[in-house]
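The following pair of complexes shares a single chain, chain A, combined with chain B in the former and chain C in the latter.
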Partner chain A sequence: MSVAVIQFPGSNCEYETLHSLNVVGLSADIVPWNSDHLDLSTYKGFVLPGGFSFQDRVRAGVVSSKLPILGFIKERALDGYPVLGICNGCQILAESGILPDYNPDISMGMGLAPNMNEQSYHGFVCDWVYVKIKNPQGSLFTRYFNDTDVIPIQINHGEGNFKFFNKELVQTSTSTQLIYSDEIGDVSFSYPTNPNGSEFNMAGLCNQSGNVLAMMPHPERGMFWYHIPRYLNHDLSSQRRKGVLTDGPWKKMFESLRDYIQETY
Partner chain B sequence: MALSDNDLKQIKEILKRDPSPVEYYIFDAMWSEHCSYKSSKPILKRLPTKAESVALGIGEDSGIVRFHNHDGESYCIAISHESHNHPSQILPIEGAATGVGGCVRDVYCMGADVIGVLNSLHFGVKNGSDNFFVEEIEEKVIQGIADYGNPLGVPVLGGETLYHSSYNDNCLVNVAALGLIKEKNIIHSYVPKQAESEPYKIILFGKPTDSTGFGGASFSSDTLDEDNKETNVGAVQVHDPFLKRVFVEAIKACLTYLEEESIEIGFKDLGAGGIACATSELAVSGGFGVALDLDKVLISDPRLKPEVIACSETQERFAMAVPATHTQAILDIFNKQFQIPDLHPQAGASCIGVVTKEKTYKINYQSNIVCDLDVATITTQVHADRYSQPRIIEKEATINAELNKNILLEDICNTYLNSKLNASKRYVYRFFDNAVKGNTVIYPGEADAVVIKPIPDSKTGLAVSMDSNLYGNTDPYTAGAYAVSESIRNIISVGATPLALTDCLNYGNPEKPTVFFDFEQGVDGIRDAANQLSFHKSDPIPIISGNVSFYNESKQGNAVVPSPVICAVGKIDDIAMAKTSQVFNENVTLVRIGKRYEEFAQTQLEPYLSEYSNVAPQVRFDQEKKQNKLVLDLYKDNLLESCHDISMGGLWVSVVEMILGERGKPFVGLELDLSKSTHILAELFSENGGYVIATYNIDAVKQRCEQQQIDNDVIGNTISNKQLRVKTATETMQWDLDDMSRQWNQFNP
Partner chain C sequence: MECFVYQKHIDLHAVSALEAIHGFMNLTHCKRLSRFVHWIVDVQTECDAVDFFSMITSKSYYLLNPNKEGFVTKLLASNDQDTHSVFVDVFPKESLDNSVLVEKINQHCGTCINHIKKHITWQCDIDISEQSTEFVCSKLLPSDLGGGILANPVYESFCFLNN
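After this line comes the complex of A and B, so read on.
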């Protein structure tokens, strides 16, 4: 009942991601990109961690998406196994065409463009932002959240700007989506509420059956109480300042994954 | 090329023949200021480097200090502190990136995992169209650091950005890298004794050797010359953080293998002087010799000359001395397990030579001996006689400071808010990943120091800070002493106790006696502060690592402001205790700790004064130490809500930052009552070391200050109105915090 954290050449968030899985009681391994498929067959879940796999050559995530290991993970995703892509992992899932799955005839339905504000490119951003979750019950990863939650999370990317092939399908979809909002939950397109120019303020999204989640922000950096900055104008920061915060908000996501794997396999 | 006629003459005398081209470049690198410290060595001996807590002192690639015992293991922090000033001026992206790259390699090769970097950036000031590239250099240096640290997966844990016109032709880019290592796993930068009883080989791994950075060491040891721009550009190395990230993982696998097999190795990174410097130092410091076969080196271009292969400074390379019986296993980790040759053409690991008991340094290339030196020759201590020319430095202010006519206090306050020196630096640090590895507890910009939790399952925190100042032209001693005292205040300010210091000393041409005097004074200031600000009964706060960068000058030959940069690390027993600068609640009382003096030379107030003594802000060690102790005691008794040190910009900038916070989003307003202050200029703008603390229990704080005879004053209270009101004896000034926030955030996106 183990989870595989896939290490590509250039991944760099694999250890804290592994730690997050371990802390909630999931056993997990870091599994290199060039591992044999047989070595992967026992795993019940797959995480593609953050980083700069293959140096972002051509475009972030492209080279990794063409590896045999992604073919294997695609099969597993279709079989209903949990697959989570964070940051570079999100870019890889986009490039591999695993997400979105609104229209099976489209081989690649979205891409992650360079960060923009209303007018221009503005480069890499490391910052704390807020997200809301649309239809949290629709995914095994987000079912412990409410759709009214406004959750702080860190972003760290230069290319996190979601662009969709068919906007209408995204808009009418009922699958789970993570949406950038401000600290009180209002969704506006303007910077810095939308930190990178993503269409629909998209921060992450799930497939229709809810077992695959691709997200640009880093949930493994919101696991513990000490991850939440003291300075945010948010209840969690206020709890931290009072010394009563016990966990980070994103621990629930890993707990939900744990429970799903235990319930299912 | 930096070897002087005199050097060449000396080399011929030692060798009793002409040096071969390879030998020539080996001497060129090894005898350069950069590698030999020929000007600075006698002065650097003054620094206090020894203490009980030091696990590995100066002399190897990083210094190491003991940090915390946990689960029966002694966890240590390894630090390397380097400059990359000249390369960053010439090619800012590559220069700054390789500055980070070189510094982290020094830490990795001790066997440590790099847990963070800090950078001190000193940029010029744009002055019309005269120096249009000042801004471009700033932008690209920042990009270079981000381009390296982000892919490598190492968080930037703060630092500083300063602006001064003396950096217009010579920016400063200083980097410190910090690593975590268990004491029992420290690997040394020399061939182990074991090599006496079994054969050892030299493995080189990394990017394929090319011609980049050829002559880099001697280039950094000379003044930048516009006419040589093309050759200078070739001397800057090219970075590849992606490949480095893969090598870091492969190194981890190697070290695990070596630990399991209980094998001792020697491990060194390749920096200045390339293969020649690294392999000779690896062997020589262990008491051995080396025989290299240059044909075995993985190269990018078959046309490279032997002296280029031997001495270029291609990035992302390491050398390891390994028992012959295990070389194949190590090569396989790089070349097969991690498939490095498939990721980058010609990259990987190869065995390039053997360790010899005969103390010679020999290099073979295409069946010819291209270098044959006695080890003793290479290690010949070179030193240069330098002279310092003292000048009189005023230490005591005797004149009452007077403002220029027609200048209002309020205008000065506003000008401070609009200065890039004081404004929010989020426009710099938003490019840097500050939380990869998941250890960050206090983030850059929210407190005087950044705090991380580096040991899993331990609540012990590591506080880090990097600081310098602009006082050096008036008082070079104070520049050193103040840099130490400020970095220590920053550590104290989050509730940590200082553990160790590192220094990077940036000066002009040491052959000029006035410059050399500044350098000597800076070292003395650092020495005295490190000795006198320590809480330990007999030990100083040890200086465990450092670097000297000379020849930082303008085109006209004027040196940069003497710029000693200090990195301090400290320990906090429980990360839950750490506080930040911002005040979040109403009815909190603000107290100023530490006496103010009218010492305004080189401060931000100086341009507004018609009369003042030419005295820079002095560091009074006894007072500072008492204040530091007080703050830690207040932490212990839970009497603090927030804490911020007073340094550049004085109390005014400190309180503004306490109200605005990292985001520039105030939670409360503030009413400052300074009406009893008889020296309002000193009260608001003096840059003497001190603190502003926020407390709910003013009586207890007052009592402690009085018991310990520490100068203090209640300066105000937080209020619900989002305003900042300042009452002086003669006037009341008032700011709307929304306006103030806009000013403070004006350089941010």
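After this line comes the complex of A and C, so read on.
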């Protein structure tokens, strides 16, 4: 029961992602972007890790989105296999049109524009933020969370500003969405709650079947207790300061993936 | 007034885009690809564009770094008789506030710029056996069939420029 972590030229989070998968008991391999499709056929899940594939040339994720391997991953996604895109992986999934899947007639329904603050480019952001999960039960990755959870997570990107082709479809969708909030769960559009100007404060979203999740924040950086900084105004930081924190909040995402793969394959 | 900034040596964005077009999208009719940063400047006073941008370049690096970049004020089509040049201008759908940049240039260079816009211009040299504009439109730019590569259909717009 193996998961493939796809290594693109310029990926830089593949080893942390692999470690996160291994720690919850999933076997996983780092698989190069130019691997033969036959080499990939035995894997039960796919993770597109963070980084700067092809140095973010032209636009973040666009060159990788044209690779043959994305055609294979798209087929696997349609077949129901779990696919997780983190940060640059999220940008690649967006540019390849795999997400969102609200309207099959639209070839590309969302884009990750440069970070904005008001009407100006905001530049690269590396910080801890908070997210809430709308309909966590709708995704195999988030089903162990609750919709009342306010979860700290790290972001690290210059182009993470979700823009949607059809805003109404996003608004009315019941598929799982990760939403930027403040530390008490209030959702406001202003910086720093929304760190990049994303429409609907979107931090990530899942397809309607629940097996493909694209998210800009890094769950593999909130996996262990020592990932959580002491200085956040959040219960987890308080636990960390007291020395009683045992796990990072995002370990549940990888455990959920593990359980899904064990239940299904 | 406008200028087109190019890399003097090699533009890695253009190299990777062409690699993707040839190697991953299998579109060999696009023979060459060049990329320019297209500055569109609204100035209060009339003056020659070359003189104006040369003056800004000599006093600041806000529009380009002359150690590695140069500029032209008019686009030139390829001399190659086997290709036809198509110029595509890509720009954000949202209007951006560049007032901070305008203020900095005006302060440093003594100019009277009202507004400034930054676009990206792609020069696509297409094999003459193809209908060049149609080729760029259907294969390299967003269409109903796919996302293209030179512009993102969700947050960017584009138009064709004449050389």
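Keep this in mind: the second predicted complex is superposed on the first by the 264 of 265 C-alpha atoms of A that agree within 3 Å, B and C clash if a C-alpha of one lies under 4 Å from a C-alpha of the other, contacts with A are read in each partner's own complex, and residues count from 1 in each chain.
Here, contacts are C-beta pairs under 8 Å (C-beta built on N, C-alpha and C of every residue); 3 or more make two chains touch, one makes a residue touch a chain.
Since the model is a prediction, treat every value here as computed from it, not as a measurement.
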Which superposed partner A:97 touches (first chain B, second chain C, both, neither): second
Chain B versus chain C as contact partner of A:124, first or second or both or neither: first
Chain touching more of chain A, residue-wise (chain B, chain C): B
Touching partner for A:67 - first (chain B), second (chain C), both, neither: second
Which superposed partner A:13 touches (first chain B, second chain C, both, neither): first
Touched partner set for A:55, first chain B, second chain C, both or neither: both
Partner chain in contact with A:108 - chain B first, chain C second, else both or neither: second
First (chain B), second (chain C), both or neither touched by A:171: neither
Touching both chain B and chain C, residues of chain A: 54-55
In the complex with chain C, residue positions of chain A that touch it: 54-55, 57-59, 62-63, 65-68, 95-97, 107-111, 113, 116, 118-121, 161, 163-165
Residue numbers on chain C that touch chain A, as the complex places them: 12-13, 15-17, 19-20, 24-25, 92, 94-98, 100, 142-147, 149-150, 152-156
Complex interface listing, chain B residues touching chain A: 143, 146, 150-153, 241-242, 245-246, 249, 338-339, 343, 429-438, 440-443, 446, 453, 456, 575-576, 580, 582, 584, 661-663, 665, 667, 749
Chain A residues within the chain B interface of the complex: 7, 9-13, 15-16, 19-20, 34, 50-52, 54-55, 117, 122-127, 154, 156, 191, 218, 220-221, 223, 226-227, 229-231, 233, 238, 241, 243
